[in-house]
Amino acid sequence: MISPGHKPSATTKMACTTDDDQWHDGDRLNEECGVFGIIPHQDAGAFTALGLHALQHRGQEAAGIVTYDGEQYHSERRLGLVGDNFSKQAVVDRLVGDRAIGHVRYSTTGETALRNVQPLYADLDTLGFAICHNGNLTNALTIRKQLVSDGAICQSTTDTEVIVHLVSRSKRHGIVHRFIDALLQIEGAYALVALAEDIMLGARDPDGIRPLIIGKLDGAYILASETCALDIIGAEFVREVENGEVVAITKDGIESHRPFPKRPARPCIFEYIYFARPDSIVGGHSVYNIRKRMGEQLAQESAVDADVIVPIPDSGVPAAIGYADAAGIPFELGIIRNHYVGRTFIEPQQQVRALGVKLKHSANRGQIAGKRVILIDDSVVRGTTSLKIVSMMRDAGATEVHMRIACPPITHPDYYGIDTPDRESLLAARFTLEEMREYMTADTLAFLSIDGVYKAAGYTGRDNAAPQFTDHCFTGDYPTRLRDREEDSDNRQLSLLAEVG
Amino acid sequence: MISPGHKPSATTKMACTTDDDQWHDGDRLNEECGVFGIIPHQDAGAFTALGLHALQHRGQEAAGIVTYDGEQYHSERRLGLVGDNFSKQAVVDRLVGDRAIGHVRYSTTGETALRNVQPLYADLDTLGFAICHNGNLTNALTIRKQLVSDGAICQSTTDTEVIVHLVSRSKRHGIVHRFIDALLQIEGAYALVALAEDIMLGARDPDGIRPLIIGKLDGAYILASETCALDIIGAEFVREVENGEVVAITKDGIESHRPFPKRPARPCIFEYIYFARPDSIVGGHSVYNIRKRMGEQLAQESAVDADVIVPIPDSGVPAAIGYADAAGIPFELGIIRNHYVGRTFIEPQQQVRALGVKLKHSANRGQIAGKRVILIDDSVVRGTTSLKIVSMMRDAGATEVHMRIACPPITHPDYYGIDTPDRESLLAARFTLEEMREYMTADTLAFLSIDGVYKAAGYTGRDNAAPQFTDHCFTGDYPTRLRDREEDSDNRQLSLLAEVG
Amino acid sequence: MISPGHKPSATTKMACTTDDDQWHDGDRLNEECGVFGIIPHQDAGAFTALGLHALQHRGQEAAGIVTYDGEQYHSERRLGLVGDNFSKQAVVDRLVGDRAIGHVRYSTTGETALRNVQPLYADLDTLGFAICHNGNLTNALTIRKQLVSDGAICQSTTDTEVIVHLVSRSKRHGIVHRFIDALLQIEGAYALVALAEDIMLGARDPDGIRPLIIGKLDGAYILASETCALDIIGAEFVREVENGEVVAITKDGIESHRPFPKRPARPCIFEYIYFARPDSIVGGHSVYNIRKRMGEQLAQESAVDADVIVPIPDSGVPAAIGYADAAGIPFELGIIRNHYVGRTFIEPQQQVRALGVKLKHSANRGQIAGKRVILIDDSVVRGTTSLKIVSMMRDAGATEVHMRIACPPITHPDYYGIDTPDRESLLAARFTLEEMREYMTADTLAFLSIDGVYKAAGYTGRDNAAPQFTDHCFTGDYPTRLRDREEDSDNRQLSLLAEVG
Amino acid sequence: MISPGHKPSATTKMACTTDDDQWHDGDRLNEECGVFGIIPHQDAGAFTALGLHALQHRGQEAAGIVTYDGEQYHSERRLGLVGDNFSKQAVVDRLVGDRAIGHVRYSTTGETALRNVQPLYADLDTLGFAICHNGNLTNALTIRKQLVSDGAICQSTTDTEVIVHLVSRSKRHGIVHRFIDALLQIEGAYALVALAEDIMLGARDPDGIRPLIIGKLDGAYILASETCALDIIGAEFVREVENGEVVAITKDGIESHRPFPKRPARPCIFEYIYFARPDSIVGGHSVYNIRKRMGEQLAQESAVDADVIVPIPDSGVPAAIGYADAAGIPFELGIIRNHYVGRTFIEPQQQVRALGVKLKHSANRGQIAGKRVILIDDSVVRGTTSLKIVSMMRDAGATEVHMRIACPPITHPDYYGIDTPDRESLLAARFTLEEMREYMTADTLAFLSIDGVYKAAGYTGRDNAAPQFTDHCFTGDYPTRLRDREEDSDNRQLSLLAEVG
């Protein structure tokens, strides 16, 4: 998302999600997108809808699918959940064709934001072109200014549109080479899936920051952000798209291009910590297992005597099971979710606000009263949720409350497609460990070490010379230039656009 | 509206309107748009909403307003009536700024069509640019193909977007000259109102086919399609924008440009016959008076002995009053409208369909039974309505039914922004006068003569050497080239676009 | 409508209507209901929907239909217009059966008001019973209190429910006699249509205040408030239900009962003045003709020299035509309606409110400027509209504005189903003629005389000994006791009910 | 719910729930209601909304609240979730008064069903009366027929309305005694909360089948179905309302009445097995703990060698934790929920239907592949879900799948407010254990024994002479007469009512 007149570092928007994250009241990192594509399959539209449904955790604000039937493109883009918009026969029936790509994303609310919902589509001179993007470009504003001064008219406020213009204006021959021509001009994080009539294109940035995998079903090829999108339709996992690789898929198979100099991948560690679904296999590892091992590792690093291990539902559960196993302390559901939160209590009266988390969860008093409790969460962003949960535990009669976080302190914002608050809102950027503990009112507080993360992922530790992941949120070690941020001062003149729906 | 893969002559869509036209079940000509702009006024947004409400008869399918507050543009574009969408305080409050332009239009239904709703907006290199268009370009497809092959990405399917791209790509200096540069490349009919920060631009095509007037209120200047949009806000009429004139209005006043060779105006005669509101003053003439005089003229040309003059409500009323006066026969409401039609009976069951016009109107039996009736309508398109009304009169006991039409036979489609059916659907293009009478089952049928139209407008008749109006729908005498139609054969390749929402 | 805790005389609610009445901004009398029934016809449900559509002018807030298929009743009741709710195939398909009754009514807005939408239905011991009511009972509260103290539970706040309880509790044998038993206990105005399995019942109060007619189609009998409901479905008029008559209709024909002492009818004069549709025949008279004659009579009573006669659209048109004929002054559409008001501008911003009537109508300046104008309206309630219109005429340049009202001054509220404001809100109850003229800022003001009304209806004048109509709104001469008003003081205790949805 | 014309035993409707139960696609038992009341508290309406939110698991189809402000009652009743309807300030603001009662329930969909949404309200002769009911009467039809033949008019199809009529018709003095008078005439299961101006009434049937507890907050008394409704507002638990007890609560305190002969309670065992929230304390026992102990007991009764214990989310989790503890086999999340199901996929295309459970859950392949899996579910109704899950486990590579159910086989329908399918649809009523195993395609299948249930609840086993619970669904031992069922044959004549909305 380009916010031209504002520092790109300051995307303070905290998209309000529908279910799991409600617990956290915005005290959460949000992934921006998931992508999916399939070619050629007679049920391409329906399978893309299912694949996006499986990827819904990567973006709940909007979804879109574009198909091509050999003569025409068909597009359905909607605000809201895939299940709410793409489960009806009538919608799927309109998505004619045996090639489809789709996208789920966060987005600002309101009707006019529809123009930002992907896939973006453009009529090029000789063919149509649709594209989906997971990630964030770090030089989009810089390119955009050049395009506009050359007479280009941008209709969305997404960084992704820049890619479309670059493709449209490329003088190279053939859509594959025009696409590569565009990629060579952009920087940042991207997992792209595009459709140009008979060709489905996939691409992953040179660092492989965002994930993209290849699957197969009934002779059709699939591109998707995670393996869970293959599982839902019974497709087989083939391999990951490699960092810096461009694949061009037709009914005749996959053609691989490598336009960038070869270098080791640095996938984003947060896919393991929070974003990817626990049943996905990312980089060859079960996400659930790595989360359990983070819990085990955390138990080894920060043991404390207690009566019960309580996960913060639902994302803290795997780490809590791991911690309980390693610590030999019983795992119990000490916090009960209210399953019927819906999208509600958006205008709560004062009393409700004060009651806070009780609307969504409640202490399971029988497991808490009189006990020493270890709470396990997967991460801490602003810390406001941690404070509320600790208080809830004490209200329910816990004699001690120990907070254990299954990742290191988040000290730096992300510029690659994760929606992080300003640095000044990050608890770990403001406070020392002891200050954080005091803020949360916990008896003890511990985070997993950085090396602990790498150990849980099967390494002996972080290779500081060539880190196996990008872990900039913990370390500030960004894998790419941040060009738009560097040139931030003269972005002001583009600010008009952001306001026009 | 560009429909690249279809013959532009074949816009068979008959927008379903809400009130007056329901009587005609699509047997009607539809104007495509109305435009309005005001600068500088603190209530610019609210006044534009009111102006568009007064122009609602020119387009009921969608409306939009863009304002500029000195720093940012604000846009609200909606499908539906002005009164339904722009009467709420919250909407008007979002339209911040003392400069505003707005638009009402016909449009296909459905959410995705929102991208075609005007004002169109583009972020140019140094400033924002919003534009509204009433009319239709006759070389838009030709230009569009050239633009796309140069790498332009078109986001709407409107001919108007072509103008935006031409402005964006113009190398001339200053927005006024870039705007004129664009106008010199387009052909067809246009009344344009545009907003570029501190400047409001207005333009009328070299023939002055579509209307555009200048008004004044509290020191602010107004551009509008008709004077009724001035009356609603209590503004004063200044003058018409002349054919081929470009006006650039700032807070300091109006600057007039004349980029085209001077020639006599040829405004569209249909504004008088049907489109303009009866209380508007067009070209210095009261529309109501001209319609009455058309009725008077018709009485003189085609007298018949009868007991009662019955207008087809509501558009036939002024001509019927004129006819009654001239013929000395009583005027009566022999057909009663049901005021509560709403937007309803969209899925009528078989019985309802058979009942036809009775849902919307009914015969006032007491005025019809046993009488010789002269029915007055303003025009005939397909003739299906005429047939139904004649039958309804006979069912109510009329002894004779004489149909009198207050304009000449419509034999040719329009390409300048009026939504006409195919030539083969125009009753007068298919049939002789006698065949038409037989089709309608009327006892006699007469149309106003072409010279009669000009007489009603105050001339002695049509000046065939230099016609005072464009009357191509009656004569086939089109005032401009129809370039897209001439080059129709190779438009096929753009057909992808039309289907992608 | 029973409003137990408030004086029944104080029904200040002014239902907001959709089309014609918008002009008047609540400055209008509203009829409360229209009724329709048909037995036996295979399309009973669909024809009832059409009949109610034709009766829509009698009530726009809600509509309902109940059918009986020989085994079960089927009910559809909705807030909103008939055309919006009963035009869909699916709805009509659910109304199975060859017997149907239906109702249109005013009602307060909001979902919970649905319980007040008729037909009311009750499961009696041996059969089901559905009923529709046009009119208002004047002893409903008195009866209701007795019923509740006997253990009855009332679920609606309508006076009509009282009838259902009386039928349910009647110890007489057979539904016809139980129905008559109930009628003998109620007072006030009623035109009732009820359905009890194989029998359709109709009844009109002893004075015949509200209208009810009998029609016939394809061997089926129809009951309806007005003949326009017969016209829409092509049915034949048979006769009026007489005052005090009860008809019981089965497939075998009509059986007439006369449970009340015979006396002359006194139908409500307002049906002619305002409520009935102009194309209806009421009491043997064309409503349109009577309105024209009221205009003629008014011209004779209150002549004034002028240049143009302008009706206040649309209800003033017939009287204006009559006035113009009688006065020999041209009739012109000096006020133009905006057809696209919709249901809108419900939250107008300040500027819009100030602009007032211009949103709905505008002066046709060409017919007004420099002229002496006679405005014709059908009635005056609060007078606020009259003031606005006179001002609009002066703004448009009228040199003189003469207001002529085609009925006498309304000085008394109605208690028989017409929604009148409090007496203190009635302009003619507060002011003398000269004060009213001054309030309206008209040059002259005249009302039709009471005798003039009777002359327009074909009499030589009002028969004060036995008035041919009930004209209590002009004279205070109420035809029945007003028992609930008399006993008003102890109604307080029922006030709980009104607030519970 | 009374369905007069159908056998009450045949309530085949399976309400579609929103979250947890979606997994089961209707293969689930549904509780019909939850109740809440508070007196006197200035935030009575808001607290009732919160209490109902906490009780949402007991009924998701509709919710209602009635308050009394000392002069008037205020009512809000809505279809849908509490959080969707009662979280807005405007709604709560309308619920004026310091006394409130509320209800959540299942209900058929559609607008007209609103009349069945509780609290039911009636205007009695001297005061208003509102009532909420959890449970089901077994002689409601019998009483209703008598009432109707006495002239009563029933407006809902709920059994609860019968109670209102009995109260209304009682000749005893004072609302408490009229209420008791009504209770003495009804049979079946009921937890009632009623409001009659200054008095809040609570009652539990003589067997205490449905739960009802008393709480306290800020000096106000609370009645609620479960303790979780106290926890959410921070109220204190006082005691349970006893079986056969009637409490009358005013601002002065609680008055207890015992109109029935004393006998031991027989609460419904299903509250522990499935209905109550795990964090509630029912009958002095933590529901979560009893469920865990059911898992432990099941492990002891039906041990099998395996690698992993997998709960069917979410209701199987506590039993699975208990089973895992007792069996010493690791507990893992082998099935992952998709958090974003929403209320969607209501019109799935064929492919989706075939994909079945994958839309809502997916196998966590890393925990399943190559392993011997023990699946733990809380109960089996139709068995369709069990089959799907076993298949999913095998597809994910499980080498063995052992199904363990933490309750006995359900062989008999419930008539006390639980929505059970017909007997012929209950898997355990149709099949032997081995046939069930074969149907599910599991390697082994075991249910908890009936004695095991009682052991988990802290008893040594079922006391067959005086069972500590009502367990009729497992044993057919119904605690009351089933009078309506016995007299079923002559209910036909009431069938009209059910169809009229």
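In this document, chain identifiers A, B, C and D correspond to the written order of the chains, with residue numbering beginning at 1 in each.
One rule holds for everything that comes next: a residue touches a chain if its C-beta (ideal position, glycine included) is under 8 Å from a C-beta of that chain, and two chains touch if they have at least 3 such contacts.
Given the structure is predicted, the values throughout are model-derived calculations rather than measurements.
Taken together, chain B and chain C share no touching chain. Same-residue interface: chain A and chain D share over half of the residue numbers found at their contact. If you average the Cα atoms of chain B and of chain D, the two centres end up 62 Å apart. Separating the CA-averaged centres of chain A and chain D is a span of 38 Å. Once the centre of each chain is set as its mean CA position, chain C and chain D turn out to be 49 Å apart. Not a single residue in chain B touches at least two other chains. Shown here, the protein chains touch around one cycle, each chain meeting exactly two partners. The set of touching chain pairs reads A-B, A-D, B-C, C-D, using the touch definition from the header. On the side of chain B, the complex with chain A involves touching residues 66, 71-77, 111-112, 114-115, 121-128, 130, 148-149, 151-155, 164-165, 168-169, 493-501.
Interface of chain A with chain D (complex): residues 18-20, 43, 46-47, 50, 53-54, 56-57, 60, 81-84, 87-89, 92, 228, 231-234, 277-279, 281, 286, 288-289, 314, 317-318, 321, 325, 330-333, 336-349, 351-352, 355, 358-359, 362-367.
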